[in-house]
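Pasting a structure below so you can have a look.
Per-chain numbering from 1; labels A, B, C and D assigned in written order.
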Amino acid sequence: MQNKEVHLKKLINNPEMVVREELEGVALAHGDLVKVNYDPNFVYRADAPTQGKVAVISGGGSGHEPMHGGFVGYSMLDAACPGAVFTSPTPDQMYEAAKKVDGGAGVLYIVKNYTGDVMNFEMAADLLKAEDIPVESVLVDDDVAVQNSTWTAGRRGVGTTVLMEKIVGGAAEAGYSLEKLAELARKVNANGRSMGMALTSCTVPHVGKPTFELGEDEMEIGIGIHGEPGRTRMKLQSADQIVEMLVEPIVADLPFKGGDNVLAFVNSMGGTPLVELYIVYRKMAEILKGKGINITRNLVGPYITSLEMAGASITLLKLDDEMTKFWDAPVQTPGLRWGR
Amino acid sequence: MQNKEVHLKKLINNPEMVVREELEGVALAHGDLVKVNYDPNFVYRADAPTQGKVAVISGGGSGHEPMHGGFVGYSMLDAACPGAVFTSPTPDQMYEAAKKVDGGAGVLYIVKNYTGDVMNFEMAADLLKAEDIPVESVLVDDDVAVQNSTWTAGRRGVGTTVLMEKIVGGAAEAGYSLEKLAELARKVNANGRSMGMALTSCTVPHVGKPTFELGEDEMEIGIGIHGEPGRTRMKLQSADQIVEMLVEPIVADLPFKGGDNVLAFVNSMGGTPLVELYIVYRKMAEILKGKGINITRNLVGPYITSLEMAGASITLLKLDDEMTKFWDAPVQTPGLRWGR
Amino acid sequence: MAVDRQQVVQWIQAYAAAIRENRDYLTQLDAAIGDADHGANMDRGFQAVLGKLPTVADKDIGAILKTVGMTLVSTVGGAGGPLYGTLFMQAGQAEAGKTEMTDQDVVALFEAALKGVIVRGKAEPGDKTMVDTLTPAVNALKEAVDGGAPLDEALKQAMTAAEEGMKGTIPLVARKGRASYLGERSAGHQDPGATSSYLLVKTAAETL
Amino acid sequence: MAVDRQQVVQWIQAYAAAIRENRDYLTQLDAAIGDADHGANMDRGFQAVLGKLPTVADKDIGAILKTVGMTLVSTVGGAGGPLYGTLFMQAGQAEAGKTEMTDQDVVALFEAALKGVIVRGKAEPGDKTMVDTLTPAVNALKEAVDGGAPLDEALKQAMTAAEEGMKGTIPLVARKGRASYLGERSAGHQDPGATSSYLLVKTAAETL
């Protein structure tokens, strides 16, 4: 590695070793909370399996940290399966992870709606079913930037995933059955909507050049978390104008209505610092207030990222008592923690 | 604002309004934990003052979020005073903040060692003293990139500040007197050492162009959190080589020795995502292990940033039982939270 | 003339070589309408397959193809992994226990392969996927063999049909996979999976 | 000839105008060896001062100068805020209650101002700060007034000394403030604070 010419503005050694070395770092830093299995790669709770508890497992391409590995721990995920950067993980990862953390009450797979993720999780579920291990898969497809339709791949799964992992993890910890848990997870998905935007592209380490080109004065509205194109590319606008372009389609889609209680999640795509997220939050809160929508819970920070991409996304989740209760439940993971 | 041409890849409205609008966002998002006073600007605990508790107050230029405003809350800061971006706050901020949160047991100012910060806090302290309010100021000057000497401005205050705010905040919550608290704070500073590096520059909103120029294949070792020049500018290297260049001077400086227990803090300068921080952590842990230094606590993430600058810093703090105890104490702030 | 297991191994090796050779091209195609990883993903998978082949070269054709499939499943990732993995696993299923294949067995292999892809991905012809290459190829192969053509001739016709199918994806609007997010913007680009599937048929024509 | 409070107000106004005019220049100097904000900081402060001046123009000179100082302290920030704030507050202290100043009063004003800067910043001549401008200027002023020169002549000499002091900071290695982090690399650049201090003396020579 010492001789390889370094040409990316990234703190990495070998582009091919990024995920492996990151996992080693996670294991070293958070050994009290999680363990890491290599080949196949997955992060799992240090105290797994929890007997009698449904095992909640998620996964997806790497590059979205802290999601998913950072959300393994008490009251959230039992295991997370990281693929190569921006590439879905393989069935052996999800299968072996399930075998490791299964506490005898079944397995819930949380799957973001990308063709690759869906098929790989499906193959893993087939393997579990062949061994009579009860398994349910729940899709997240909350991105309003993509027009939904039954004859395409459908909407992408984005910000609601983070909220689902927390809420469902809390309910699993509280003893929900697999069936009830899957029902809750689908309710979260049904009530969550997101949209993101990018100010800059990002560079996948092993690709070595930006995923897409964006002019010095341009931005992409409706960006996907792998740099997929959005709804429109346009000239840069003020934060307030951008927030409007994100919030209005989200609100119109569900639709969110006056009197609704929502969890408002303002997320950084990775390269956008906190100070800007609060400027986004400010305008979002103003718009929602104008519509009579109450923000009763919130989350602000980089939780579902796209490497170093600059930009932000907004997720709104319409809450009820059940979702609120499990959002509030104590959680202890490397990436999200409160109450213990 | 609508008509002003937007030319920065930032989610902002008006460069002159960044701090104000960010504070409004913070107030909206975290009203359960903190309140914001405007003109003079400071963030303070929603339940302030805590009678009989020493008030811990910090402050500095904006652009380092979550530091300091994100660290206001239970068991950390009572108030934080944000200046303009990268510009130290003014005495009226620290004075008014102290008046607001003083619980009758005195005020501890945590000051990063920059001429401007030192003098502005000093003037605020003079105002308090004139009113017979007991006040102690503690300097943080932990940056080993800058050669220390008594006839210069001395070392800069960087990563140890975050750790000090947590540890001292915990001790204040536990009832430490002002005198004991100042002593503990000075112990933290005496045992903490940091060094950072930048892969890219950052752009102060009201300046509108990068703080410094860095070639496509260059990095700056020993960077300051306001983009101050470091020890050397050189060609990009692998993460492992960079970590060596940061860890070795830190260890040599205190010096940290075999058998020492340390809190290891790997920090993002803002634009560098978590995945890279774990690659940094991995190598840092390897080097420290080789020296027989035990990492008994850690922190990984963007906690003391420089806007969207890409890069990272490492802070090591030699722990004893007292520091460990107050590091572990429950904390509830927007930016750091555990145990409640 | 029967096809023996050594030829099957040669086919896989030839395909692995073709993928390596076209790695950047496939990735480039994927960059236009996907996420620029199809070449890298497939290459990673087939390099792993090459490593596994010697350990199964003396097994039956079904076992060889299944091993290829399982290796792909666990190394490729993305959509390509399950699709090509299932393709080879189903092909292996169809040839279970065989150490030689008749021409009709070869037809059965490709039919099972295509069916596997369709069951896994639920794509139809016209969705701008590998199905657009494989469907006409399998049809041409079956028609030619059923019509009495020798296998090498039949595979050549399959290859021609595959190439047409591949090129036919250019004007299509994607309705499956990552490219579908682009909507109308996906038209005008050749589908990367359709392209890698063409290479699969082409190398079959060269080796079986 | 006595200096009245109207002249003092004119001085402050002239200085505010000079800062505005040199805003970018000061910032540019600070970019080279500091953090590129000295011009913006000082301008923000003096714009605030201009807003405050009408409310104190009929107070005594001490009160006017103190108000300038306190306004600067709460609006400039950085190192410049406390330094220039203290400068004017101490100057105001020296002129407390006065509505006119004798030549010796003007000397006392500048002596107090310099002393305030030194107490606040603990810099010595040669550290590459505003002290390098103010020290020779105050010395020249005092010498000239003590030697019997008329005030305008004495202030002109102070201005010349200030300019020399300012230019003298170019070869110096900074030992105070942000520029000191640069070590040897700070040599070869004129200090921004020394430059803004020169403008202070220059506008005094033009108005008092």
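Everything that follows uses one rule, which is that a residue touches a chain if its C-beta (ideal position, glycine included) is under 8 Å from a C-beta of that chain, and two chains touch if they have at least 3 such contacts.
On a predicted model such as this, the values are computed, not experimentally measured, just so you know.
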Least step count from subunit C to subunit D, where 1 means the two chains touch: 3
Shared chain contacts [subunit A and subunit D, defined touch]: B
Per Cα centroids, the chain farthest from subunit D: C
Distance from the mean Cα position of subunit D to that of subunit B, given in whole angstrom: 32
Centre distance in Å when subunit A and subunit B are each reduced to the mean of their C-alpha atoms: 28
Gap in Å, rounded to a whole number, between the CA centres of subunit C and subunit B: 56
Per-residue overlap in subunit B, given as positions that touch at least 2 other chains: none
In subunit D, residues with contacts to at least two other chains: none
Topology of the chain contact graph, where touching chains are joined (line, ring, star, complete, other): line
Complex interface listing, subunit A residues touching subunit C: 40, 61, 83-84, 86-92, 114-116, 119-120, 122-123, 146-147, 151-153, 156, 204, 206-207, 211, 224, 226-229
Complex contact set, residues of subunit A against subunit B: 1-2, 4, 6-14, 18, 21-26, 28-29, 62-63, 65-66, 70, 199-200, 217, 219, 235-242, 270-282, 285, 298, 300, 302, 305, 307-308, 310-312, 332, 334, 337-340
Complex contact set, residues of subunit C against subunit A: 27, 35-37, 40-41, 73-83, 85-86, 120-121, 174-178, 180-183, 185
